[in-house]
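Both complexes below contain chain A, partnered by chain B and then by chain C.
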Partner chain A sequence: MTIQFNDETFRDDYTFRNSQWAIDRFPFPFHEDSYMYSVNMEQHQGGPAGSIFEKRFDVDEHYVSEMRDRALVLAEDPLRCQSLPHMTLAGWDLLELIMVSKSEDYPDLFELHRDGDRWHWINRPLGIDQKFTFMDEATLPYGPMEYITRQTQGDFAVLDQRDENLWMDAGIVTTQADWSLDFDIGMNFFEWHAPVPLAAEMGIFKRALKFLMNIQQGAPARRLNWTMTVNPRLDTSPENYHKWGPQKMTLTPENIGRKQHLRVELQTFFRLPRSNGLVFPIRCYLIALEDLVTVPKWGRRLHRVIRDLPEELAEYKGFTANRAMIVDYLSKFDDGLPTSDGIWPDKDTEPPLQV
Partner chain B sequence: MSTFEFPPSITSRPVWGKLEPRAGKSHLMIADAEGAEALLKLAQADGSLMTKAHIMYFPGETGDTYIGKLEELAPAQLYIGPSYEAAVPRLRRTLAGAHMGLQVYLTGTESLMGQAMREATDAGIPHTAIQTEHRGSVARRMQCVHCKGITENVMTDPFVCSHCGLNLFVRDHYSRRHAAFQGVCVDAEDPGNVPPPVELYS
Partner chain C sequence: MSAGTNKIDVTVTDIVPLNDLVTRFKFERSDGELLPTFSGGAHTVVEMKDGEVSRLNPYSLMSDPNDRTAYTISVRRDEEGRGGSLFMHRNVKVGDRMTISYPVNLFALDLRAKKHLMIAGGIGITPFLSQIRQLDYANGHFELHYACRNRALGSYVDYLTSAHPNDVHIYFDEMKQAIDLENLLDGQPLGTHIYVCGPAGMINWVRDTAEKLGWPREAVHFEEFLAPQSGKPFQVELAASNKTIEVGEHQSLLEAIEAAGVDAPYLCRGGACGQCETNVVDYDGEILHRDHWLEDDEKQSGKKIMPCVSRFEGKILVLDR
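And then the complex of A and B:
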């Protein structure tokens, strides 16, 4: 299908909306009626046709507007994109991975022509036509990582692998769930995860690191993570916390369905061929609660998950203050019926809400 | 007593050790204020270190208290500086001229150790090979996550950013690259609702 790109905003007047297509393919992150941390990795080798898992780098109706929002964030704060000097090669690896993947997966939107190191990249949605020399930074308007990630949805952490650890040595971070690249750059896997409660005690990070360090070329992995965000704001950065934080206080029982969003991250992991680095794209999907509950199974389940979530997790994910109001809203969409296993909406088999 | 037992914390927070003599071709010792006590103890453990030692010392508010005693150690080089900042070019020059077999010892406040550690690691010395010992003030060097400004000598939580004026709470999350802990706006969600400042570790 040809994607109709939305003209929308993720700030100020918040005109972001999901179409029915986007709602139906939303990556609902709960495979059962409760949630606890886990190393919920699976192979990233496609998925059901039309799902967000199908392509290596999913492009959806929000693409053009998300890239506009990224450019605004970077203009305000260039420190959101940084690469330590030894990471340039990994940046070229990433540029190649994305250009090859997108041109193969979306030939109507992206084209890549290669003649030795003379490359020609066409990005139709963003109106870009760029000829450049692969591995020659002077032939691109930005460094290779910044160049390609200004054209790709999601944040990117580019990790160096050495000393039996992964090091966050480069990245572009404009749609994050409240962490600072500028602060965390240069840290190892355990250090940048240090503020996450409970998970270290559960051995999550040790197991995750072991898994990630063994990811091989051509065998990427993925997992989902989630949090809650008031208003469809991509840039929920700590840098701007004092600007978006007050919006959390604007929820009312009347506007909560429209303003409160479930924020889901599709995290993928690809080995990079020349640098042996690992790229960790973190793609953010937002959905208003009022849209989410149009899927009966998701309404039932989200109510149960949020209601029963351990307090530390609600605190860490930053919605403690609004939790009661969210649970109250969602309870209207939970009739107590059992739900089917797995994340899929199962609209044809799950019963409608019984009222 | 100039020592302090830091409570257990998250994995990004540095854990300071105790200085002990190590075999080396030369010894670079950087200390501020009560950090001098740790150097005196180190010299007691192995006086022969001092013939190959370069001490850089910033007495700060301790004034002359330890200077005479450090002189008595007769280190190969003794530099007494008015501030760490003033000594950074000297430190960089020293590290640039360093050879294999250099041992680095850092002692004193977390701010001093963190910043000197950064210089040493930038010069190619792995941070795990550098010895440290905390002495003296428990004040923190804080980076404001909002304006990126550094506020030195933070003793309370919350505190006011010396650059942008926001009220920040003190996190244990620490960046070796910034040699600083992270400060985050305490009243972001409810502007004006700032809890009264409490002394750190009280």
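And then the complex of A and C:
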């Protein structure tokens, strides 16, 4: 299908909305009625047609507006995009990966023409037509990583692999769940994960790192992570906490369905060929609770997950203060019926809400 | 998940004997498409179908990482080995179709280094050839010290010395030329990284000397592929798949597991990457650990084995596979 791009905002008046298409393909992250951290990784080699897993870099109706929001964040705070000097080659790797993937996966939106080192990139939704020399930074308006990620939804951490660890030596981070690139830059896998509760004791990070270091070219992997955000704000950064933190206090039983969003990250992992680095795109999807509960299975399950979530996780994810109100709201969409396995909506087979 | 899942069908398009021991092979994709780019120091695992037996051996890619039309590898003939290199030398002909893995890099350059000091012994020269090409593009600063038996067996000596006359230093063992390692390491500028690839003795010598001189561990990189060694046949029980298998004299434990139709993970098949690590459920006998991966205490514990290179002698070995 051709995508109709929304004209919407992720700040101030928050005009962000999901169409029925976007609701139906939302990446619901819970495959069962409870949640705990795990090494939940699988191959990223496509998925059901139309799902957000199908393409290497999913493009949806929010694309153009998300890119506008990213430009606003970068204009206010250039440190959201950083690349240590040895990471330029990885930046070219990333530019190539995205341009090749998008032009193959969305030929009506993106075109890439290559004649040796002379490349021609056309991005129709953003109205960009760029001729440049591959591996020659002087021929692009930004460094290669910044250039291409200003045109790609989601945050990007670009990792150097050395000394049996991964190092966050480059990235662009404007749609994050309360962490800071400027703080994490130069850290290794265990250092930047230090604030996460329970997972280290469970041995999750040790196993996850081993898996990541062995990810091979042509064999990307993925996982989902989630949190809760009040208002559809992409930039929930520590730097701007004063702008969004207080908004958590504005929830009421009347507005919660509209204001409270489930925030899901599709995290993917690709080996970068020339630099032997690893790129970690973190793509954020938002959905208002009132839209989510239109899928009966999701309404039932989210209620059970949030109700039974270990307190440490709710605390870390930052919704302890509103948890009771959220559970109360969701309880109206849980009739106690069993739910089917897996994350899919199963609208045709799951019964409607029994009242 | 085994890394072998990502494979490429290639055709052998050139075979060049370089000297008595080493032959160079060139692979192009059979479907006429381009091969993946790679990073200097990467290897590919080449599958050989030798009658009933199938062998998978890792070889460093030595071609230009930016040249996507072909990969080249150099294979040193090993008369004592289990036959992989002999198969390449004797049976493989131009025009043959073969299967290779996507490139995997366990010996990457540290791109932060101000200078790359490379030390090669014998056939250990091959990963440096692609690393040097990669550095050529980036104007990277390197210095290569390459020890080999004599001029006739010094593969690529002429090419290297003519392409990089100031940065390449050759040592012929038969002329009693040897690397003056302590002085070499002592005189390096701050920010230098050391890379060594060659026989085990050379790797240990460089690592030990560097450690003695106070080099940080993360500035010393090494790659040694161990070829799996032949040994007495033995029997293994695979508990998870409920099978009992025989490991032949010239077969590795990993190859025997694969031959039984059990999917087992691997990347390097040379005891270096850790991917094939397997839990030992029970054993009565001696595990012959030959890998570089397990720590000494793990080897002594008898709870882990790396089936790509390690073997077993004794009554019972039960693996969680």
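We take it that the second predicted complex is superposed on the first by the 355 of 355 C-alpha atoms of A that agree within 3 Å, B and C clash if a C-alpha of one lies under 4 Å from a C-alpha of the other, contacts with A are read in each partner's own complex, and residues count from 1 in each chain.
By definition in this document, a contact is a pair of C-beta atoms (placed from the backbone, for glycine too) under 8 Å apart; a residue touches a chain by one contact, two chains touch by 3 or more.
Since the model is a prediction, treat every value here as computed from it, not as a measurement.
*Asks:* Classify the contacts of A:Leu89 with the two partner chains as first (chain B alone), second (chain C alone), both, or neither.
*Replies:* A:Leu89 sits against chain C, while chain B stays out of touch.
*Asks:* Contacts for A:Arg162 in the overlay, against chain B (first) and chain C (second): which applies, first, second, both or neither?
*Replies:* It touches chain C, and chain B stays clear.
*Asks:* Answer with first, second, both or neither: which of chain B and chain C does A:Met135 touch in the superposed model?
*Replies:* Touch status of A:Met135: second partner only.
*Asks:* Applying the document's definition of touch, where does A:Met187 land relative to chain B and chain C: first, second, both, or neither?
*Replies:* A:Met187: touches chain B, not chain C.
*Asks:* Look at A:Leu292 in the shared chain and tell me whether it touches chain B only, chain C only, both, or neither; answer first, second, both or neither.
*Replies:* Neither partner.
*Asks:* Between chain B (first) and chain C (second), which does A:Met249 come into contact with in this model arrangement: first, second, both, or neither?
*Replies:* After superposition on chain A, A:Met249 lies in contact with chain B alone.
*Asks:* After lining up the shared chain so the two structures overlap, which partner does A:Asn276 touch, if you call chain B first and chain C second: first, second, both or neither?
*Replies:* It touches chain C, and chain B stays clear.
*Asks:* Considering only the touch criterion stated at the top, classify A:Ala200 as touching first (chain B), second (chain C), both, or neither.
*Replies:* Touch partner of A:Ala200: chain B, not chain C.
*Asks:* Determine where on chain A the residues touched by chain B overlap those touched by chain C, and list them.
*Replies:* none
*Asks:* Once bound in the complex, which stretches of chain B touch chain A?
*Replies:* 10-13, 143, 145-146, 148, 166, 171-173, 175-178, 182, 184-185, 188-191
*Asks:* Show which residues of chain C lie in contact with chain A when the two form their complex.
*Replies:* Chain C reaches chain A through residues 1, 3, 5-6, 36-39, 41-42, 65-66, 102-105, 108, 110-112, 134, 137-138, 217-218, 267, 273-275.
*Asks:* So in the complex, the part of chain A that touches chain C is made up of which residues?
*Replies:* On the chain A side, the touching residues are 43, 84-87, 89, 135, 160-163, 210, 214, 216-219, 273-276.
*Asks:* If you look only at chain A, which of its residues touch chain B in the complex?
*Replies:* Per the touch definition, chain A meets chain B at residues 79, 180, 182-187, 190-195, 200, 238-242, 245-246, 248-249, 321.
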